[in-house]
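Order of writing sets the chain letters: A, B, C, D, E and F. Residues in each chain are counted from 1.
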Amino acid sequence: PVRVNGFVCKNPMKVNADDFFKAAALDKPRVTNKVGSNVTLINVMQIAGLNTLGISIARIDYAPLGQNPPHTHPRATEILTVLEGTLYVGFVTSNQPAPNRNKFLSKVLNKGDVFVFPVGLIHFQFNPNPHKPAVAIAALSSQNPGAITIANAVFGSDPQISDDVLAKAFQVEKNTIDWLQAQFWENNHN
Amino acid sequence: PVRVNGFVCKNPMKVNADDFFKAAALDKPRVTNKVGSNVTLINVMQIAGLNTLGISIARIDYAPLGQNPPHTHPRATEILTVLEGTLYVGFVTSNQPAPNRNKFLSKVLNKGDVFVFPVGLIHFQFNPNPHKPAVAIAALSSQNPGAITIANAVFGSDPQISDDVLAKAFQVEKNTIDWLQAQFWENNHN
Amino acid sequence: PVRVNGFVCKNPMKVNADDFFKAAALDKPRVTNKVGSNVTLINVMQIAGLNTLGISIARIDYAPLGQNPPHTHPRATEILTVLEGTLYVGFVTSNQPAPNRNKFLSKVLNKGDVFVFPVGLIHFQFNPNPHKPAVAIAALSSQNPGAITIANAVFGSDPQISDDVLAKAFQVEKNTIDWLQAQFWENNHN
Amino acid sequence: PVRVNGFVCKNPMKVNADDFFKAAALDKPRVTNKVGSNVTLINVMQIAGLNTLGISIARIDYAPLGQNPPHTHPRATEILTVLEGTLYVGFVTSNQPAPNRNKFLSKVLNKGDVFVFPVGLIHFQFNPNPHKPAVAIAALSSQNPGAITIANAVFGSDPQISDDVLAKAFQVEKNTIDWLQAQFWENNHN
Amino acid sequence: PVRVNGFVCKNPMKVNADDFFKAAALDKPRVTNKVGSNVTLINVMQIAGLNTLGISIARIDYAPLGQNPPHTHPRATEILTVLEGTLYVGFVTSNQPAPNRNKFLSKVLNKGDVFVFPVGLIHFQFNPNPHKPAVAIAALSSQNPGAITIANAVFGSDPQISDDVLAKAFQVEKNTIDWLQAQFWENNHN
Amino acid sequence: PVRVNGFVCKNPMKVNADDFFKAAALDKPRVTNKVGSNVTLINVMQIAGLNTLGISIARIDYAPLGQNPPHTHPRATEILTVLEGTLYVGFVTSNQPAPNRNKFLSKVLNKGDVFVFPVGLIHFQFNPNPHKPAVAIAALSSQNPGAITIANAVFGSDPQISDDVLAKAFQVEKNTIDWLQAQFWENNHN
């Protein structure tokens, strides 16, 4: 088969609407994970016709007090709108010259509010409501944006990063790192 | 002021969360126009921080039997999901060699379904339900995607395109073109 | 065979000048179609060496009173110069805020004049001379620019777009749409 | 004034067809220079509306036995078609592994033939006819492609490159370099 | 002054070699910080002529047992070679489907070895030698790559990220987060 | 095997650190060629993981009085720093309007100095020291930048460019061209 970008490129004679379609993809609430969220991403793996087109879409479910923990998308900017509930969201800027270094820009979002997370910056969303879930729709500027959950990548990689390195980087004792590395770092992208 | 891409680029010292935020942007149903839709687009004109980031987001309201009429985005692919109701959607491929020329790919979308409209192709959404409105969220792969409503651009331009040209292009009498050009071509992007 | 962009990428050992060459491609007038034009496009399908290089070239023949009807290129800007005769040309801008919405910018071009049609905008060329043909050379900023003839894509797609949708979009009776859909929509790219 | 890419970006309210137009740009033969050619390039300096659109167009006149001498375009691929006469054209590939290193791919072009010069490669066109001029139209994949005539840049720069360096690079005596640097290196882009 | 990308674009008449030059930029060992490294980056802020050209270069000094702690570059891939000493380096892949999720790829580099850190992925370098410093040269695929030191951005932002959010994200007690946020997070890019 | 960009794209299950690594690539001085230099380039042919990532790195060795002769990179800007010795470097601008046409910008670089050679421009480095070698590290903004040594491409191509063309282009007698074409044009990229 012909491939473009590493993905199969269907014979134009056989392309049909199903190649640009995913049924019942984003309508239903999904079970949230240990940190209280679940990201349902529709990217080029779900809809083959997205290949080369530079966009994808996701539904994010948040449990009460749940969060989509600090993470980055290595290949995409994200724009998000709240469908239900309330979200406390933010991102941290990069190492610009002081006093702009690592500024934290945050906002409480209500239904219908829109917020932007620029490409590659660490960001999160948190549902501050102890009783109600929240739901958001997010779009990303790549058909394959990737996601790096910071805690999982740093403390839950396979194999583990040397605890010597991490202890110094995070200014903690090695046994704190060892304890962190022994935890289960659940992925919230299923 | 410093400008990038023609838009003001704020002093990094003064950037704050509001530059990446738009309140109450997409939560409320909006009055639909003559063809029965209303597109609320949040792009770089609404959120200055989107500049250069290559994405925007929209809410589209559809009246019963309303439509977002055939149009193109000159600078973006669109990915859409249905929040409420049902939509009959489709796009037409370009002049590929026969028998693939101008194929019409369509689908009926229900809540939670996702569909993709590739960059530059003519597409539409139609709410086939005579009683209930529909709502969709769409994302576009540009901070300034543009929209060209076909009928408005062809028959409602200012000044008008020569009716000699349009009569021959559309295989109709000149007085049919004149009649069309005399109509009011309402924009559904407000 | 190795492929790049979906096209065969020849073994460098076997590449020769013919991979960057097309003989007698653009010298001869060609028979024009029902709307009075014929576009001879030399793209990556004609010259394999164009792959990834982002450019193509075309000759356009116009019969007396012939036109290259309103169309868009989803992936390219076009720059055109007149070799013979006269052309009335124009394009319509997109839905910018009023009073700039759908402005029609047009010009009469004589031999040697140059005009630009920005990417994705609806444009046309018309030969206003009832006696003499016209010829133009156009270049496009993609090795595979695509072309969407508006009337053909809207009224001549396969299968047809619902006449309910089109009647409302174009503010005409359904039987007018049915009549239009029953016509033969000839392609002028051969 | 607002600028994009360093060029003035006109107020959309004031944009008109003249911003996408250049009159009588490419119709007339022009006087050729010492090497027997004259390139008339219509780029963003000639048509402001080309800014960001990634294309430009040129007419090239060749005297009998004239040439457009070996040169490169640092930011564009070129596609060329012959309008009148005959051209002997070619380009040299880069330092790929032997035996593909610096292969010279050439062709004799007649009226209507099309040839491609990939971005950044050294290429030339030569009119082998001792009696008749030739004319070509070329398009380039940038609104500001640049041109570097090899002999002019190497031997005619201001100030001159050290003759020690050039003598060793070209395996000739320093006085040969000095003689070359004393010549007048006329530009054929006027 | 004319600006491109937000940076001043010098009048071409006044451009000279100094606009592409930085003296004594990368020759001298520099004092390392608390985590034992110092990154000297030459980007568009140091050499104005780099604007739009998509590359920058850095020297990195490592104290014995020093590290360039886990960080990402939001806009660049990095390629690194060791000039002196030994480095233990690695990066963590993103959330690809299991079993490829968050794989840690690492290597011990000696003088002259080359390693690549793909765009946006978390990576680090560590000098495992308790007695000798190390030095590397790294190049980045942007004139303004940015850098996000993970610990600094997560625990040292201004203002601080809510400790509720971070405690849950990192599976630790809030007082651990509070302790971390009370530390001084020194930047190693000076 | 899956290929991207014409290069094999390894199964993600089997990717490991060696795919981003090249051992002992740039540490050792290498024998210089006839013009007194040797470029050791680590690009996508050496490290498969560089594919699509837009960067490569090189070590350049210079003999006393050796040079990396005038050349261009058709697909990359270069940034260079001197590790040992002294280099006289420069580039020539393109055919901008006079008086900026073909300006030669040069500099003497000492250890630790950084210089930039913009994409596609003719540039060289020369070691003016008659006794000591020099060493530089250069990075290029492409995983496959290409290199075109001017003298080799013009006078050493296979087959040879017509001496009629070159004699006129370089304003010398045909027998001078013939003599040049009879020389051995050694490549300094090994």
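One rule holds in what follows: a contact is a pair of C-beta atoms (placed from the backbone, for glycine too) under 8 Å apart; a residue touches a chain by one contact, two chains touch by 3 or more.
No experiment lies behind these values; they were computed from the predicted model shown.
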Common touching chains of chain D and chain C: B, F
Fitting chain D to chain F on CA atoms, where both chains share a sequence, rotation angle to nearest 5 degrees: 180
Chain of greatest Cα-centre distance to chain E: C
Chain F against chain E, contact positions shared by both copies (same if over half, else different): same
Separation of mean Cα positions, chain C and chain B [Å, integer]: 22
Centroid distance [mean C-alpha coordinates] between chain D and chain A, Å: 48
Centroid spacing, where centroids are CA-atom means, of chain A and chain C in whole angstrom: 41
Mean-CA-position distance for chain B and chain A (Å): 27
Chain C, residues touching no fewer than two other chains: 3, 90, 99, 103, 106, 118-119
All pairs of touching chains, each written as two labels joined by a dash: A-B, A-C, A-E, A-F, B-C, B-D, B-E, C-D, C-F, D-E, D-F, E-F
Interfacial residue positions of chain F with respect to chain C in the complex: 3, 5-6
In the complex with chain F, residue positions of chain D that touch it: 35-36, 65, 67, 69-70, 72-75, 88, 90, 92, 94-95, 99, 101-104, 106, 118-122, 124, 126, 146-162, 164-166, 168-172, 176, 180, 183, 185, 187, 189
Of chain F, residues touching chain E in the complex: 12-13, 15-18, 20-28, 42, 46-47, 49-50, 53-57, 59, 76-79, 81-83, 90-91, 96, 99-100, 103, 105-107, 109-119, 137, 139-141
Sites on chain E touched by chain D in the complex: 2-4, 9
